[in-house]
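Shared between the two complexes below is chain A, which pairs with chain B and chain C, respectively.
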Partner chain A sequence: MPLHPTFPLPDESISAFAGAMCSVVVLDNGGGLIKAGHGGDLDPTAVLPNCLLRPLSSKKFLHPDPLHSSSAAALDLTSAAVRRPIDRGYLINADLQRDIWAHLFANHLRVSTSSSSLLLTEPPFTLPSIQRATDELVFEDFNFKSLYVADSAALVHLYEASTSPQGLVSKAQCSLVVDCGFSFTHAVPVFQNFTLNYGVKRIDLGGKALTNYLKELVSYRSISVMDESFLMDDVKEKLCFVSLDVDRDLQLARKPGWDNLFRCTYVLPDGVSHTKGFVKDPEAARRYLKSTDESHLIGGTIIDVEKPESAEDRKRIDLTKNEFDLTNERFLVPEMIFQPADLGMNQAGLAECIVRAINSCHPHLHPVLYESIILTGGSTLFPQFAERLERELRPLVPDYYQVKITTQQDPILGVWRGGSLLASSPDFEAMCVTKAEYEEMGSARCRRRFLR
Partner chain B sequence: MEPEVIEAELVLPTYFSFKKTQIYEKYPKGQSSARRFKHLKQIIQAENIQSYPPDEPNYVNIESPPSMHPSKRICDITGYEAPYHDPRTKLRYANAGVFKVIRSLPSEYVQRYLALRNAAVVLR
Partner chain C sequence: MEDESLNPLRRMSSRTRKVAPKMVAALTSSDNRTQAVLARLEALENDNAGTEVGDLIDDDDASLDDEDDDGYMHKKQSKSTKRKTRQAKALENARKAPRTFIELLHEANLESLPPHIPSYSRAAVGPPSSTSRRHFCTVCGFTATYTCVRCGMRFCCRRCQNIHNDTRCLKFVA
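Presenting the complex of A and B:
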């Protein structure tokens, strides 16, 4: 094992060591999206769905296009069948994952796996048999030179601490990472770059469950979209938001016509002129932000949003009936994270979950943890998520503690950036398990190095 | 092994002393590579969680526990929030109109409404 001399990691220069190292592949293997790139870079090279797809036009399962790709021949995802290697956040289908990774390494990253190291993220408390299968995949199928399995919460903490060296997170070296991802939501206390295992709490709700709930609601109320996962993902990302006062918003959502701030129309793809759905009137879809202003509620009249001149104007594109209206679905769907009981789940909401996670840590850590809550993961991208969480959290927290919620600039990539930072640190090689060690000692012994 | 064989990265069945079944025994060459995979629930079942020490966190016991807040009371008939509850039938109701309805219900229907929220009296 090559031992590098240890010296402190400079906070400001992420890419200073990238040239000197042999290549490290940083792979944030999420249930929804794979984020992959080279260690030391600022952004991942490829962000693509972690699945294989079979559109209606094809007989075989195909690899999905990366997000934000500008290829003209984008797949038409209408009613596409999906196979995912990850179930509830844990890797269960190693075979499928190998196909996806092989495609990723060959076509997107263009690395030779036998001459590079791998930094892989894994959810907390991965079951031993899954860890074994992962090691088999990394060392026996791909022949990686060495492997480091990282905890995603610790990586987020590392990234946040490095972006603001004067901030509380880096000074106190502890934070509470709330990772609200595709498969589930974790509240994880991190102390000095290590996850405090006894404080981790999980809610079995993530972006996938929310999309499915939206699918059910829309299918029941207007048009059956049970097969259209990707379409409804798009609807959820564009139109859903977190309500700051659910009871009031439910009342508002019952109003007819233009008085209803939440009503908006989503146009379904017709397969001819547009293969992607879109929001009919994006201006109107943003009107809900005005509803936080309490003043107009008394009179019940909406000010300062001018009505469109005529009904014609709004119905420019309404040639067919391929569209549906959303009203209270827009805020009832993200509401599930805060009140899982509404779905019939016997679990506490996010705010209570955070309080429980913090209460299971040492009392000396409580004030710092409440003041350094970091939100990450794609499901925290709903507008007003942080405000709502703060409003729910404040009554539950003793009044002599400050509550401060930090949102990340790009919550989807937060974990990956932390991984990239770690991979470019000079100690990284020494923390890895090499292929030779794996072949000699096996999976279980090697895993002890990662304290998992 | 000769260095040129290793460099050529020929697929050689490697033997690992720490494994009970080697990977080339599990998936012999020439057969279809479609591995059966288990779902997470099956993996958890096979994991023998009961043998784990109870005070150590693992996948099963980090689940967020049920909420400490009192649950919302919902009217059994209309689905609105229910401030009242009928002591005779044990049904929750939203307003006087609903109350008239539930008093006129036959007891069999009342039991079915109660069964919807697992509150029915089951005689065994």
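Presenting the complex of A and C:
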């Protein structure tokens, strides 16, 4: 068994180690986004969609550009076909992944794989056949010097513990990581940098399902967008939010015209003047936040916000038919994470998922776990996610326990940053499996070293 | 009918017999409904996959052209063997085609593990503690009080019912 590092490390030592060591590639291989960079860095070098794309303008599948780069805005992704190497969170298409990684290592990271180590994240309970395929990919196709397979929850825990050395997470060395990502949602208890795998609970709902659900709703109700994954991703990220009181908000969403705080128009790209869609009135899109503190809204007193000249607005809607309105869809979509039963799924919601994960741990851990819930993953970025979770969780938890939910600074990069921290720790090399060991012992034996 | 012959003294209402075949139909249709629900959940994990098939065909065509060229370049004989390999290649492609996660999961046979070992299937959170379920209107999204008698989808008012009947009743079957 490898020594596990004694964290938290002070910040200075990280940068010192980063310079001294040979390069470690840290790769958080998510179903939606790859987060890749060099160990010891603060932020990943490249964050890009983990897929190949074929826009309408092209006959071949292309590599996507990293997010927030200038070239990413240029590519028109309307009705682009997508191929993803990851299905339901697990790597199933190694050939496709090899293509994507090769492009990533050569063009974005610019590393030679044969002289570096790899820190790779893997979801809990990866099937042995998938692990074998991953090992083959890493050692036989890319010739990495050594490999460490990390649990993303443990990395998040590590990062959180290091950012606040005086906090409960680092003192008790124990936390409950809620990872609500692209493919699925996990509640994972972490104890002393190890995940307690008997406590892991999963909901089969993630950002991808939510986007598809929104697609379905919009296609039924206004315009067919069944092929526009990237567009609807954008709509979801910009307009969806978590409702704190669904019944009340549903009633509010019935109101006509400007009284309706949730109505919001999204303009579709026209392919000429703009290739990206955008929210027509971002100010109006944020009005729902005002409704949350005012509980007397139903009574009829609406805060006076000056109305824009609605006549002109409506005229524009009629002229160009390329926009659609969202009202209750905005909060009914993220609602599914809290109540998957509404979709017809036979699974409990997120709050119950957390309670079950904690209840399967030792009772001594319960108070600490409830007090150190860490939210990570892109789907936790919906506004009011943490507040709603706390409201649902509180009645389910015995009242002598405190509930404290921590949100991460950047939930998408949280796992990667933890990985970067781990890669820059002094005994990282000792924890790895080297290529020679892999060739001698094979995949299954090597995996035991990661306690998986 | 068999029951009656076995137990002639038992009184049977004529109505139950009339209803029975309808109930059978209803049962099968509810099975269809659950299948439709499952198919819909399954669809939530889909990508823009419809176009991929076309792409594969494109690729095949391209490779076939190459092979034909090769065939002309070499002897005529080799062409027949190429034809065979083309078939073999298609078979091989089918074998090499990435399997879905569900297939891999079946293959891994997790049920054979002893019950104390945590695994993918045991990590699923499981059914909710309360069986109550909110229903939303499939047309407008508000709380739905009515169920379509033909397909079981929900709607909230007369207006939505008309839209439902016109556009999407029983559409999930197709």
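The criterion applied here is as follows: the second predicted complex is superposed on the first by the 423 of 452 C-alpha atoms of A that agree within 3 Å, B and C clash if a C-alpha of one lies under 4 Å from a C-alpha of the other, contacts with A are read in each partner's own complex, and residues count from 1 in each chain.
Rule of thumb we're sticking to: contacts are C-beta pairs under 8 Å (C-beta built on N, C-alpha and C of every residue); 3 or more make two chains touch, one makes a residue touch a chain.
Keep in mind it's a predicted model, so treat the numbers as computed, not measured.
S.K.: So if we stack both complexes on chain A, do chain B and chain C clash, or do they fit?
M.R.: Superposition result for chain B and chain C: clash.
S.K.: Who does A:S273 touch here: chain B (first), chain C (second), both, or neither?
M.R.: Touch partners of A:S273: none, neither chain B nor chain C.
S.K.: For A:Q166, decide between first (touching chain B), second (touching chain C), both and neither.
M.R.: In the superposition, A:Q166 touches no partner, neither chain B nor chain C.
S.K.: For A:E439, is the partner it touches chain B (first), chain C (second), both, or none of the two (neither)?
M.R.: The first partner, chain B, only.
S.K.: Which partner chains sit in contact with A:N197 here, chain B, chain C, both or neither? Use first/second/both/neither.
M.R.: In the superposition, A:N197 touches chain B and chain C alike.
S.K.: Would you check which partner chain A:Q409 touches, where first means chain B only, second means chain C only, and both and neither mean what they say?
M.R.: neither
S.K.: Tell me which of chain B and chain C touches more residues of chain A.
M.R.: Chain A has more residues touched by C than by the other partner.
S.K.: Identify the partner contact of A:I130: answer first if only chain B is touched, second if only chain C is, both if each is, neither if none is.
M.R.: In the superposition, A:I130 touches chain B and chain C alike.
S.K.: With the two structures laid over each other on chain A, which partner does A:N328 touch: chain B (first), chain C (second), both, or neither?
M.R.: second
S.K.: Once the two structures are fitted together, what part of chain A is touched by chain B and by chain C alike?
M.R.: 87-88, 90, 92-96, 124-125, 127-130, 197-198, 200-204, 341, 346-349, 352-353, 356
S.K.: Per the contact definition, I'd like the list of chain B residues that touch chain A in the complex.
M.R.: 9, 14, 16, 18-19, 23, 33-35, 37-40, 43-44, 46-47, 56-59, 62-69, 71-72
S.K.: Contact residues on chain A for chain C in the complex?
M.R.: 51, 54, 59, 61, 79-84, 87-90, 92-96, 124-125, 127-130, 186-187, 197-198, 200-204, 208-209, 212-213, 216-217, 220-221, 227, 229, 246-247, 250, 253-254, 327-329, 332, 339-349, 352-353, 356
S.K.: Can you list the residues on chain C that touch chain A in the complex?
M.R.: The contact residues of chain C facing chain A are 37, 40-41, 43-52, 55, 58, 98-102, 104-105, 107-108, 118-120, 123-129, 133-136, 138-143, 168.
S.K.: Quick check on the complex: what are the chain A residues that touch chain B?
M.R.: 87-88, 90, 92-96, 114, 124-130, 136, 140, 143, 197-198, 200-204, 341, 346-349, 352-353, 356, 439, 441-445
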